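Sharing a structure with you now.
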Amino acid sequence: MKARVHITLKPGVLDPEGKAIGRGLAALGYDGVGEVRQGKVVELDLADTEPQAARDRVDAMCRDLLANTVIERYEIELI
Amino acid sequence: MKARVHITLKPGVLDPEGKAIGRGLAALGYDGVGEVRQGKVVELDLADTEPQAARDRVDAMCRDLLANTVIERYEIELI
Amino acid sequence: MPDNPTKTQGAQTPVADTPTEPAVTADLAAEHGLNAAEYDRVLATLGRTPTLTELGLYSVMWSEHCSYKSSRRHLKKLPTSGPQVIQGPGENAGVVDIGNGQAAIFKMESHNHPSFIEPYQGAATGVGGILRDVFTMGARPVALLNALSFGAPDHAKTQHLVSGVVAGIGGYGNCVGVPTVGGETRFHSRYNGNILVNAMAVGLADADKIFYSAAAGVGNPVVYVGAKTGRDGIHGATMASAEFSEDSAEKRPTVQVGDPFTEKLLIEACLELMATDAIVAIQDMGAAGLTSSSAEMAGKGGVGIRLDLDRVPTREDAMTAYEMMLSESQERMLMVLKPGREDQARAIFEKWELDFAVIGALTDTGRMTLVNGGRTVADVPLDSLTDDAPNYDRPHVPSEPRPLLRPDEVPAADDMGQAILDMVGAPDLASRRWIWEQYDHTVMGDTIARPGGDAAIVRVHGTNKGLALTADCTPRYCEADPFEGGKQAVAETWRNLSAVGAEPLAVTDCLNFGNPERPEIMGQFVGCIEGMAQACEALGYPVVSGNVSLYNETEGQAILPTPTLGGVGLIRNLDHRASPGIKRAGDAVFLLGE
Amino acid sequence: MKSAVIVFPGSNCDRDMMVALEAATGRPPVAVWHRETSLPADLDLVALPGGFSYGDYLRSGAIAGRSPVMADVKARAERGLRVLGVCNGFQVLCEAGLLPGALMRNTGIHFVCRDVHLRVDNARTAFTNAYGQGQVIRGHVAHHDGNYFCDDDTLTALEDQGRVAFRYCAADGAVTPDANPNGSRNNIAGVLNAAGNVLGMMPHPERLIAPELGGTDGRGVFDSLVAALADA
């Protein structure tokens, strides 16, 4: 089983890298691009076979390491 | 309209970050985690209203700036 | 290894590594960068058609990048010796004596083509490679410099390349924790399609604890350490030796990704092992990875080498012998250990969480023998890969002399104030603070003169001595008159070192030119070398290491001839150093020289 | 004063920190490998040096913050051991939960290595007593992720409790956006835990301990610790 974790900055937390990308796009002439936010995806190969157990374990990994909940939030997708 | 671009390293390209995360998880006692790969997500607010045109434009942005297709591949999702 | 690997075995005809391996033909050889005459030479050497793996070995070892086939005979003109020289060109880096039993070890190298394709990773791996050249010799790296040539500031690609390259150099150097203390940066339209990224590393070691690459001791284990081998950068060495065309990026998509974190661990692990006496010889796997490191180590030692490729740590499944031998995966080293020292070495590398594998042994055959899956997939005479590689005397014509520019031909500025503003605002003269502030130039706590002056100064840790470091070249001079330009570049480094109070010791170089098969480019190359040689000779300032990067052309347009020089000087007492700032109002100002 | 410096894989200011500690205390600190499960006994100070532990992969300090030795650092800190984290060490302390908040990518998105001015906002701590309250000193930053962030409640608590040790400022001490090299909230350069025995700071005091290195203003941090421990 595979899990994909999307980690993004919490709303309200300034995202300088997203802003820089937005400026870069504008400089290249792409207009009409509003806010740009950048985040991370972590893809994990899991030995688990049971979806709920897998999700719980990945959730624990997120709280333990993958995300810093002071600034980030995360979303887990099983694939 | 919003677009979400997933940018990941092409298969076979070294992903030191993914490797380090994998080791970090193992050190915390999470076993049965196989390969870990890390990628980026870029979320864009777009003025476009027509999906195909939006997708084409984001595709152009990916090739121009967001991804380096020498080592990365990307996937566009409209939301 | 199961059988006795060290004894001469009956000549075995190597077989294909995989059932699907393509048959080797002159066309396939041409795709590997070997021309018809070179391929004939391979056939004559082996007396048979090479296997694909063998073709890969020749293509890499006979590439311009590894064989120096266009430049070798001219490089011999450079003076390389002097009382201060402990090791001149020919090793991973040059070594000079700095007194008190200590030595400075340094080299400069190009990473031009990869940086154009993937500026961040290309520049980053350039830094990684040059650092390995230095710590391979037993030195702790203490400083980095970089010489960058970009296209015109308003060219569509320039901004992207500048930000990627600077971020990549910083990203790697900052992470390994070696200060980046100097360099140079220029902009010119002749680099629009072919930027130059030259990186220099400087290290320190005890003069009696230098490590060399010549393998010795038949039967001694050959050990692989560092990161795993993946399918990265296969053909990088041949890419560095070919002209660019519009579709290069598509055709050769393999650029390596650097992992400075692993490099940092590799530095610590190697230095820890070097503190013991377990190592016989060591070399990093640079461009052409396992091929060049094993061939050069065994070739220099006059022994043979047998590698069992099944033991190579790989990152991906089902890698072929060809792929393993040509991979340019970063952060790897090859060593020959004293017999019985494997466990001691393994413990150190495992502590640093690095791969460690005994992958072969030295033999008495004078051949490189590669075994994969129990089959012999390559068996070639080592000399044919190294000393007997092609060596060309390419035709060269001197550059047309340019008319001298006389001061009265240059219109005087109407407004001196404005002229000064224009000059300090010009891309080539403006402050480079925005670059060096992205580089950690103070880590290690010994940076005495930070970037921004004539030469940087790094203290020799724990002493009151310092090394002065600079990188310079003025390509437009080299184009106008290669001989004078070569001289000038040497002299500029000398002046920059002298200006901070250092006694210049020696230089390294990175010679960036266009296509050597064009006589006018070859003429620039020869002219610059002869000029450099004369200046170095006159100054008693030998060249102890260097690198040549040819084929810096896009669509037939060559770069400006750019022989970058990296100078190293010694300040015996740091209390006697100089800096450019004017110290006090009322001080007298002198103009020295002609 | 007995001190220890923790070495993580990828630490690169460990030697610099040891040099500075030895100069101030007259005793070479002990190096402690991150995989140790306990710190040496009778320590007076543990320092977490700068660098790129685990390559700064995932987030700066994230993986190191969970390494085996950190459990004992936490336990001993709760019993009052002084803990100093500089740069990557500060990031590790935040990730390990010894200090509040997080260090994010600099707002300028680039790595920044330069001298800055710092205002000593609390000179009554074990780490700052050698400075004057409100004194402006020279600092030196070298980081990519030094943008201090915390939520509003935490920020109020830090400010109200005098837990901001250093702030980026202009030469005259004014706290201005221009003087902020990384976008930190309230120009925060260094914060203390509630008990005042743990300090994390982005600027590198160990890089400014001699005139030939560009200044001596960093010494105060080490001299303060020596003084505080002599009094204790």
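In order of appearance the chains are A, B, C and D, and numbering begins at 1 in each one.
Keep in mind that, in the parts below, a residue touches a chain if its C-beta (ideal position, glycine included) is under 8 Å from a C-beta of that chain, and two chains touch if they have at least 3 such contacts.
Just so we're on the same page, UniProt names per chain: A, B = Phosphoribosylformylglycinamidine synthase subunit PurS; D = Phosphoribosylformylglycinamidine synthase subunit PurQ.
Note that the coordinates shown come from a computational prediction; the quantities given were computed from them, not determined experimentally.
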Pair joined by more contacting C-beta pairs (B-D or A-D): A-D
CA centroid of subunit B to CA centroid of subunit D, Å: 34
Whole-Å gap between the CA centroids of subunit A and subunit D: 29
Subunit A-subunit C separation of Cα centroids, rounded to whole Å: 38
Interchain centroid distance [CA atoms averaged], subunit A/subunit B, Å: 10
Per-residue overlap in subunit B, given as positions that touch at least 2 other chains: 16, 20-21, 23-24, 28, 38
Set of subunit C residues in contact with two or more other chains: 259, 261-262, 353
Set of subunit D residues in contact with two or more other chains: 54-55, 57-58, 62-63, 66
Interchain contacts, given as pairs of chains that touch: A-B, A-D, B-C, B-D, C-D
Subunit B contact footprint on subunit D (complex, rising order): 54-55, 57-58, 62-63, 66-68
Subunit D partner contacts - residues on subunit B that touch it in the complex: 16-17, 20-21, 23-24, 27-28, 38
In the complex, subunit C residues that touch subunit D: 167, 170-171, 174-177, 259-262, 264-265, 352-353, 436-448, 450, 459, 574
List of subunit B residues in touch with subunit A within their complex: 6, 8, 18, 21, 24-25, 28, 30-48, 57, 60-61, 64-66
In the complex with subunit A, residue positions of subunit D that touch it: 58-59, 62-63, 66, 94-95, 100-102, 104-109, 147, 149-151, 183
